[in-house]
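So, here's a batch of structures to check.
First chain A sits with chain B, and in the next complex the same chain sits with chain C.
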Partner chain A sequence: MVGQIVSAVGVMIVGVLACIAYFWLSNKLLDMIFPVRDGDVMAASRSLRRRAIVRPWLFVGPALLVLVVYLVYPVIATLILSFYDRSGTQFVGISNYQWALNDREFRQSIFNNILWLAVVPAACTFFGLVIAVLTDRIWWGNIAKSLVFMPMAISFVGASVIWKFVYDYRAEGETQIGILNAIVQGLGGTPQVWIALPFWNNFFLMAILIWIQTGFAMVILSAALRGIPEETIEAAVIDGANGWQIFWKIMVPQIWGTIAVVWTTITILVLKVFDIVLTMTNGQWNTIVLANLMFDWMFRGGGDSGRSAAIAVIIMLAVTPIMVWNIRRANREMGGH
Partner chain B sequence: MTGVVLKDIRKSYGQVHVLHGIDLDIREGEFVVFVGPSGCGKSTLLRMIAGLEEITSGDMVIDGQRVNEVPPSKRGIAMVFQSYALYPHMTVYDNMAFGMRIAGESKQEIDRRVRAAADILQLTTYLERLPKALSGGQRQRVAIGRAICRDPKVFLFDEPLSNLDAALRVATRIEIAKLKEQMADTTMIYVTHDQVEAMTLADRIVVLSAGHIEQVGAPLELYERPANLFVAKFIGSPAMNIIPATIRETGPETGLELTGGKTVRVGVATDASQQGRAASFGVRPEDLRLAMDGDYLFEGDISIVEALGEVTLLYIEGLVAGEPIIAKIPGILDVRKGQTMRFTADTAKLHLFDAEGKTYLR
Partner chain C sequence: MAAAVAQLRRIGLPRLIVHLSVLAIVLLWLFPTLGIFISALRDKDQLAVSGWWTALSTAHRTEVARLADPATQKQEGNLYVIAGNVWEAGDARTIDSFGTRIQEPSAVKAGETADLGEGETLQVNADGSYRYAKPEAFDGSRGRRIYLTVTTPPEFTFDNYRTVLNSEGIGRAFINSLTVAIPATIIPILVAAFAAYALSWMRFAGRTLMIAMVVGLIVVPLQMSLIPLLRMYNEIGTIFGVPSKTYAGIWLAHTAFGMPLAIYLLRNYMVGLPKEIIESARVDGASDFEIFVKIVLPLSFPALASFAIFQFLWVWNDLLVAMVFLGTTKDQIVLTGNLNALLGSRGGNWEILTASAFITIIVPLIVFFALQRYLVRGLLAGSVKGG
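Let's look at the complex of A and B:
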């Protein structure tokens, strides 16, 4: 144990020192290759210009290299792999994609993903906005906000474990320990195996992500609401608008940009949803989503890297446009007017 | 009668009392300016008339009706905010039309009123623009236009010019004065800390300080007959010089002794009971003249000379410790620092205040 800590700290120190040494030495080397000597002004200015061109690349270089190896290369490799067969040796053209379009499970995944996309970002943004507005002017607003925000600190797997207990089902005759079934039983209903109820179980899984992400939406939107000039609301009061009209016609339009950023950020997250489904149902009872399908084909007995890669590419294609739009939008919001 | 009547209006936030009983009677069509230093409660008072602040106690009457519990939109008022408070996501047209749309006016009526207001304020070419594409002066005109569209009985302005630069401020001030002429029946209440705006725009000025009304009156009345030291020092720029003295002689004119032993006669009547009391006399910088020869009011050393061309400001040391007396002499003067000079003023232009700061009336 102690040995591990010592070696970990040692690696950290060596790593940091190595980085410093790299930047210092490479900079030194650059100065030596393009020297600036007294006397020859033309040569000196040429050297300085060249140094200015090379130096950024020296400093960005390592990061760029890591990015290429761990991000760009896998993307290209996946793209190539998606045109090969299960062993990755035989070129099969677009047949992996053709398979996907006709596969029952793939269609189910697409359907479920669209369901997630339709529900989760909207619900998170809606609840986040409502909570942000309601907690704005009460003394215990900040306490309430902290509580709503707290699930953000829990990992998806951890949250899923918690919610497994919420949805827990015990056989007839036994005491129901899941709170949902306890409530149903208390109200005189019949306990259900919630996560095995096709179609509706998707929504029980979504509830987990909504529970986690509402805090995020709330915090961002709450900050945006604070940025609305108080006078515009007072002007609307004088103009005769009621609370509902002020909210929809004065407040929401002024934070529309932020709402869009929150919505798309959660949309991207939802497209990649994986952990919750894996932990709760592992895709059984028609809850499969694209990321889990990809994982199944790659690592869990599917044994077909081609099909898995094809699914990965499809997820990436779906995420990219939203991502681009989101980043642009966020940049514009940050840039101010 | 669309007057505004305030009866013993008070405002407190918990234990903090902001306004201590304001009584005021504003007549229909009058232009009243609330003026006072920051924190005197003038904006709070305006916001209470608007209905944006709750009234702690007292009666607010607009158009003969008690409006304490009436929501802002039903009070027949419109307000122009310091920060313009335009709806940033709406065009100029929509900004002006918003209130009427909420009220459910017909499209034709909305269009007619927006265009009429835009016409008065020369905004017709900007109707389709968003506020961010307008200059500060144009934004303020849109804010005024939005208020006009409400067709208010009482028009409220909360420091509408303080976000504008100096040149634009003068131009917009004149526009507001013209607007008042066009809307002769509309009562206007205007809050400012700028006494030039107050003097030029107001029919009557209400001077407030620390939650009290110090004086209500026409601009020149406040200038010529301030009710107390506060108003005397607040109206006029540079402020009135105040010099401590003791009453030595009473009667139709009052004789004062200054700290240095010099005696001064002031054209204010006092009765015998005031004999020997501490007082202070005031003289406006612009009422001081150079004493060529003969009798003079006081003398002192010149510490600073500010030559502005049109006038010369002289700072005179030696009479009140730490506070120079200022004289505003027309034209250009040949005066050097350190010079000792004598000054005089008409006895009718001198003001006399008692120890509590109240004016001895003429």
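Let's look at the complex of A and C:
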């Protein structure tokens, strides 16, 4: 164990030093290749111009390299693999997609993903907005916010353990150690195996993601609410609007853009949800979602890269509109630079 | 009462409702986590039979005890008596009540005498001592079985932590997680900072295209990368005869997956730095390398800190990348992977699961509470990223 710590620290130092050395040495080298000597003005200005052309690429080089190798190339490769057979050698046209459309598990995944998309972003945004509005009005609001925000730091796996304990089931009549069944039994109901309850179990898994992500929505929306100009609210008060009207007619329209950002961010997260389903049910009891099905096919029966890639492409397709919207928004904001 | 009403009027009923609803929400949000914090510290036998919310109250449990053999009976006047103590010496538990049938383990209060019919009586005291008497001699070879309702004081212990750290591999996994997370946080910061500087303060062909690419890549699902990368790693492993699952491999993977957000966040910040400082340094003959290292990097500290926290939390909490790029052997499995494995193998042992979960989430929680300010700032700046 000590050996591993030492070697980890060693590699860490070497890695960081190598990074620094690359940037420092490559810059030095560039200055040496295109020297600027006093006297020859023409040569000096030519050197300077050439340095200015090359240097940006020294700066973005490593970043560009990892982006291309780890993201751009794999996206294209996955797209191509989705038209090939299980081992990626035989072209099979669109048969992986045809298989998907007729596969019971795939249909179940699509259905569940749509369910997640319909519930989680809406619930997170709604709770986030409500909590942001409420906590802005009390003196201990920041403490409350911090505690609601806290699950953001907890891993999905950790959160799954936390909630599996909440949902824990003992046979009827026994002492329940899961709080949900304890409450149900205390109120005279029948304890349930919540995560195996067909259809509704999806919602018990969603509760975990809502619990984690509401804090995110709250933080962003709370900042947006504070950015609303006081005058607009004062004007509404003078005109005799009540609290409800101020909230819906004055505040919400002004933070509409932020609500959209929160909604889309959580939407992307939901499309990729994997850990929660893996740890809670591993896709059993009709809870499977696309990311889990994809992972499953990566290794199932020795792995089927064609089917797996096809599922990944379908997740990607769902994300694409948001991606395009983001790029356009960023381009608009960048206009000045 | 009048004072309370006046108080209420001063605070105002609507305000009180706001306070109470926020309190309810906070408790609702805190309760699940509290459950594992408390459970991890409880005695594992108590944990298995009572809810964690009863941890502070004394637990009532039904136990079975056997009275002494009939051979030990003594004659007192016209009664045959068996006497003794159901506990072994030194047991501190107290008996609430007792009974002779399993259906009624608390039929009679401790210290009272139960009439068992035909002159047969049984008295069990709170400290465990008993007296069992009958007009006729006891026969049979074994002592009578009785049922006790026992009160145990709450017990808290660090035993669960000792167990998971040593025998469940969590201690080792903790080191593995650190080995993954620290370099996978530092390397992308360095690489991204240089790129972000070039993208904000240097002019070159293809700059706009690269910015658009970075923004687009922020939301690309990880799933799109996994299959080709897994193949690539395996091929490199075969060609060069090295293992395909290494720490260096996962550092690079995390560096790449964090890169789009890192560049985006840092560029947004660096673009906002005052133009005059950088231009005047240029006029003074400083090269871009010097400007970056001496001026831009120190000024960008808040953005660097924001991203560092993001990346650290993301890497520490990640399960998918670790499952694909690292092995599941003892010297490579990370905390999240180990916890996931324990969920399968130790599904019902809540003392192990809760203690392991606590160790898994404690580092991110410390980072979160210590550096929340930077985290919030980063979130506000980079809310296009999907996690």
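Here, the second predicted complex is superposed on the first by the 319 of 337 C-alpha atoms of A that agree within 3 Å, B and C clash if a C-alpha of one lies under 4 Å from a C-alpha of the other, contacts with A are read in each partner's own complex, and residues count from 1 in each chain.
To be clear about the criterion, contacts are C-beta pairs under 8 Å (C-beta built on N, C-alpha and C of every residue); 3 or more make two chains touch, one makes a residue touch a chain.
The structure presented is a predicted model; accordingly, all values stated were derived computationally and were not measured.
Student: So, on chain A, is it clash or fit between chain B and chain C?
Tutor: By the criteria stated at the top, chain C and chain B fit after superposition, with no clash.
Student: Applying the touch criterion given at the start, work out whether A:F111 contacts chain B, chain C, both or neither, answering first, second, both or neither.
Tutor: In the superposed model, A:F111 contacts neither chain B nor chain C.
Student: After the superposition on chain A, what angle is formed at the C-alpha centre of chain A by the C-alpha centres of chain B and chain C, rounded to the nearest 10 degrees?
Tutor: Reported to the nearest 10, the angle reads 100 degrees.
Student: Quick check for you: in the superposed arrangement, does A:W99 touch first (chain B), second (chain C), both or neither?
Tutor: Neither partner.
Student: Tell me which partner A:E231 touches in the superposition: chain B (first), chain C (second), both or neither.
Tutor: Only chain B; A:E231 stays clear of chain C.
Student: Quick one: classify A:F203 as touching chain B (first), chain C (second), both or neither.
Tutor: neither
Student: Is A:A241 in contact with chain B, with chain C, with both, or with neither (first, second, both, neither)?
Tutor: So A:A241 only meets chain B here.
Student: Should A:A330 be classified as contacting the first partner (chain B), the second (chain C), both, or neither?
Tutor: Second partner only, chain C.
Student: Have a look at where A:F126 lands relative to chain B and chain C in the superposition and call it first, second, both or neither.
Tutor: Touch partners of A:F126: none, neither chain B nor chain C.
Student: Going by the touch definition up top, name the partner, chain B or chain C, that contacts more of chain A.
Tutor: Partner with more touched residues of chain A: C.
Student: With both complexes overlaid on chain A, does A:Q254 touch chain B (first), chain C (second), both or neither?
Tutor: A:Q254 sits against chain B, while chain C stays out of touch.
Student: What does the superposition give for the shortest Cα distance from chain B to chain C, in Å?
Tutor: 12 Å.
Student: Same chain A residues contacting chain B and chain C, which ones?
Tutor: Residues 337, which sit in both footprints.
Student: Touching chain C in the complex: which residues of chain A?
Tutor: Residue list for chain A touching chain C: 1, 4-5, 8, 11-12, 15-16, 19-20, 23-24, 27, 31, 52-53, 55-57, 59-60, 62-64, 66-67, 69-75, 77-78, 81, 88, 131, 134-135, 137-138, 141, 144, 146-158, 160-166, 168, 175-179, 182, 211, 214, 216, 219-220, 223, 261-262, 264-265, 267-269, 271-272, 274-275, 278-279, 291, 294-295, 298, 305, 308-309, 311-313, 315-316, 319, 322-323, 326-327, 329-331, 334, 337.
Student: Can you list the residues on chain C that touch chain A in the complex?
Tutor: Chain C reaches chain A through residues 15, 18-19, 21-23, 25-26, 29-33, 35-36, 39, 47-53, 171-172, 175-176, 178-179, 182-183, 186-187, 190-192, 194-195, 197-200, 202-204, 207-208, 210-231, 247-248, 251-253, 255-257, 259-260, 263, 271, 287-289, 292, 313, 316-320, 323-324, 331, 336, 339-340, 343, 350, 353-354, 356-357, 360-361, 364-365, 367-369, 372, 375-376, 379-380, 383-387.
Student: Hey, which residues of chain B end up touching chain A in the complex?
Tutor: 50-52, 71-74, 77-79, 81-90, 98-99, 102-103, 132, 146, 150
Student: Spell out the part of chain A that touches chain B in their complex, as residue ranges.
Tutor: Those in contact with chain B are residues 229, 231-232, 234-241, 245, 249-250, 253-254, 256, 337.
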